[in-house]
């Protein structure tokens, strides 16, 4: 925990959080925030693709398969818990759950910075998993929502409301859902950059290296500064969200972390570094790719619920407490 | 509406309706499609921050950026536009829809 | 104001007031506080450039960025809002305040 | 226009005209010059995206960025402004010009 | 061609293009796009100026002279072809033609990346030519437009419409045209940075090097990503533009490439690298400096015509097919 | 002077200035301008904090004390001069004076670039002083304004107008003023980054170094380009401001420079480099932190007065003439 708090990225997150708490008039230009997140996605993608080019194919495929499983599985778990808790309706449960199947690039990168600062080595496969995990969760979320919508309508004896104008068939809807999940801007950017990183000629990749490596950590710091402000901004919405959901926003990542540690070490055979990263993938909740997808396709859900949980609860928890916790778990498991 | 206009301006200014939609950036493409299909000559989009029933939209992430969507239409086309917007709203999307009176130079540009 | 509306639209459109404030970005938080306290359902903020009696506001520094602040309110709440804005103006702050008529779909969203 | 205002507000709100011009960013300086010369107290500029007869203006390059230009003037100055805008339009420039009624607090600020 | 497609910059262009084709909701903040192009102009300018400081004066002057000739000549050729084709009126012909006398920094930089990736050396003079070529084309375009306007008016027996309020004399107009051409934002930025690069003290230039060199290629990638989206956005306007003009948008750069190869090798004596760059200068069409100038001073022309041709046809053609083509031409000529 | 004009940063300032003078349509995206200044504050802060971590505590404390003295003292001097000149009322005098107690990071960084280019060494303590000097000037400005407001009201026999709704007690006001001064966005950013730079683990700071050092000078150039445009934009307001105030805007920094040279060398024992920097701290006027604070809390003052003086007069004077002048002064004093 202490060493975590000596990492500039985490400290900048804290600074942003504090700035909003003390009601500072610190303002971040909104195009800068968006530019930083485009940069980070491109940099991770290129880096991951480059690693993928050198990776062991079997382990890579294995990682991808587990990533898909996590992406499909976590939302199902989350949905079950939420529906069981009876604190939100089925549509909100679907939308919230989808966030936990996807990942937060910011959290992942903070974990990388954490490992770097402790000089712990880590495998490159988790970066590939990161890129793979955005879309499945969106697909599951949309399917859960479609299913809940149908069930709700049947209960109320209404005809099924359609989310798309004039696209009524179930088939049409499924292709629609898949298309939405894969044309999502951040998915395109991340997967696209990965492909470019994998196929580009090495000598021309070398020319991009300083852009994606040297200034990377500094950009991450600025990004986290902004995310800290964003997280603090949502604190006021805690009341609206309710205690039970806040507990969910902490319990879900811990559960995810456990599952991730298990998969990372036992299934994929990673050492402590790689295991921590898989835990973070499982534990973190998306705030870039999934929210717009849910806003568009699950309009019945309340955006302030899922944004508060993802940005205001789970993200800060992971950055400050989660990462060292998963590190402890990973150490326990790998040394067992 | 034309009360208070000078004689000469009454002749060159023509009444139309300005429909303003305040909503999430995420819905932008859908609005564009909706008004184009119903014969709008164009549209204008502003990016904005704000707050309302779904909390503060700080404009930092795509998902919490608001857009203010403007479309100027002749009165005859307004109802169809409002129908389309109501349909989107009925699905659960958060839209604020305002209609106001404007007078335009060159009304042929908005047809 | 509703003159020129079609029969059907007269029923779904409801008159409200749009209060527009043009001022410095620096005053944004104060405006938010003022309208929230007086029961606004929300607000929308645009960033803008401009010029007026205090010179050009190029939008390059925080201090020379203008905001255009929109709040839609039912007529009953307008006076209180204007009182608050007048009070801010009386302290010396530079505000331009415009009120215009709008018709809204779903008036319950602005209450 | 002042129908629907409360007694007290009728006294503090004064009718003016809001002229809105939607056009390319490239024409910004020319608009500023035109309205300044004709006695506007100031102006406000928003950057915007949009689409119309000259295609989509995505806002990515200077040349495909739209501006929405606002100038509030007393009725007496409106005609001269519209003349100037018509003159620019006659040269082939693409302008959309809208005029709407607004009521302002402190009308002396717009003179 | 294949090696061209392994360059990250070109791949990012393709990614942006693809993103729009599959209707991804990928969004680029508009201030980021403008910031990237400011950065690129400053970086090219400083770099070019620095080279100029070390250049052989005679060759430099010779290059500048040929650059001016290209800048004045290409629009005349383009105008003649367009007027002859009878597909557009004289005002549109003038505005479109002007774009082809100027250059596209994005295309030029992609060519540099292409040469780098093939490890082909190139002279520094083309950078100087690049900086010089923005303005002449604007001047010619405005003159052609003024001339066409006058002819049109005479044909119709109307008095000559004036583009500027109360500035009626022909003299006034010419100074006006020249001023517009040289106060154009990107011209000022490029020439200004060049002068700074040339006169700045070497040890202080060293401090700027990492900014203009190390991260350069990465910034170019982001820029081309955005340009790819921009190009794809214009595809829908193809119908509006018509087949003949689309053919013009491909034929004109090929012609320009031929002329450029000729000038680059035979007139300026460059090797294959420098010759390719001169070909690209002649072949590429401006989308930064010229369009605003035309929009302002030739309002009678339709912006969607010249923007579609420059951004939607010529730019993608050059980036994907043109550069390898000019490379082939240059190889043929230099080895002849 | 000549060597000053060969520094890219200064040259870019001149380019921006020139661009506006010749009415170029060069446009700078506003979010870029704000992003650059966020970057610069973070970079200075991290750098300063890092140095602070290694600093001699006694000298550091001594520097901080003198920084506070400057921050409190300069506005008092400025206020006295302005009130004495009778050209502005007391409220405007308070607001203007506050700017001169604070510092301009842009000027400071240009001075650093100047020293670098002459290969003059400098101490790291002035960076610490820079971070400390933002807030005191705001406090003094607000106190002067409160005091003037009260005096004005008494003269006119009016009850004291209150700047904050429903916060009437004097005590409440003082805490309010202090809070405003320390929650100011740029103060939070600068002090926060400094703390992070001081406490962060060295190996993780190493990862941020390229971001805050390698690209620093280039970013500063872009920033000064924009500031040049901003300064030129204010030239038109000179008439409004009046000759006496313009003289103040030049005399005040010269006076500040003298005081700074005295403190830097005699009180703090710095060599010529450090002494120049202290002079620049004393001489420069804030345009980031102080103006918003004044706009908010001293609404009676006219923003175009203090912005024109700070951005249009003092900043250009310092960048072009002031820095070499303070260098001469410092050389004279240190070699005496």
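When the chains are written out, they are named A, B, C, D, E and F in that same order, and each has its own residue count from 1.
Just so it is clear, a contact is a pair of C-beta atoms (placed from the backbone, for glycine too) under 8 Å apart; a residue touches a chain by one contact, two chains touch by 3 or more.
What you are looking at is a predicted structure, and each value in this text was computed from that prediction instead of being measured.
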At minimum, the number of touching-chain hops separating subunit C from subunit D is 1
Mind checking subunit A against subunit F and telling me if their interface is mostly the same residue numbers on each side, over half, or mostly different?
different
Using only Cα atoms to place each chain's centre, name the chain farthest from subunit A.
D
Measuring between Cα centroids, which chain is at the maximum distance from subunit E?
C
Between subunit B and subunit D, what is the separation of their C-alpha centroids in Å?
17
Subunit D and subunit F have mean C-alpha positions lying a whole-number Å distance apart equal to 37
In whole angstrom, the CA-centroid distance of subunit A from subunit D equals 44
At least two other chains touched by the same residue of subunit C: list those residues.
1, 26, 46, 49, 62, 100-101
I need the residues of subunit A touching at least two other chains; which ones are they?
25, 27-31, 34-35, 185, 210, 214-215, 292
With touch defined as at the start, can you tell me which subunit E residues reach subunit F in the complex?
29-31, 34-35, 38-39, 42, 46, 179, 183-186, 188-189, 192-193, 195-196, 199-201, 203-205, 207-208, 210-212, 214-215, 292
Would you pull the subunit F residues touching subunit E in the complex into a rising list?
3, 6-8, 11-12, 15, 18-19, 22-32, 35, 113, 116-117, 119, 210, 214-219, 221-222, 225
Seen from subunit B, its contact residues with subunit D in the complex are 1, 3-6, 8-9, 12-13, 16, 18, 32, 41-46, 72, 100-106, 109-110
Which part of subunit D faces subunit E closely enough to touch in the complex?
24, 26-27, 30, 47, 49, 54-56, 58-65, 87, 91-94
Report the residues of subunit F in contact with subunit D in the complex, numbered from low to high.
25, 27
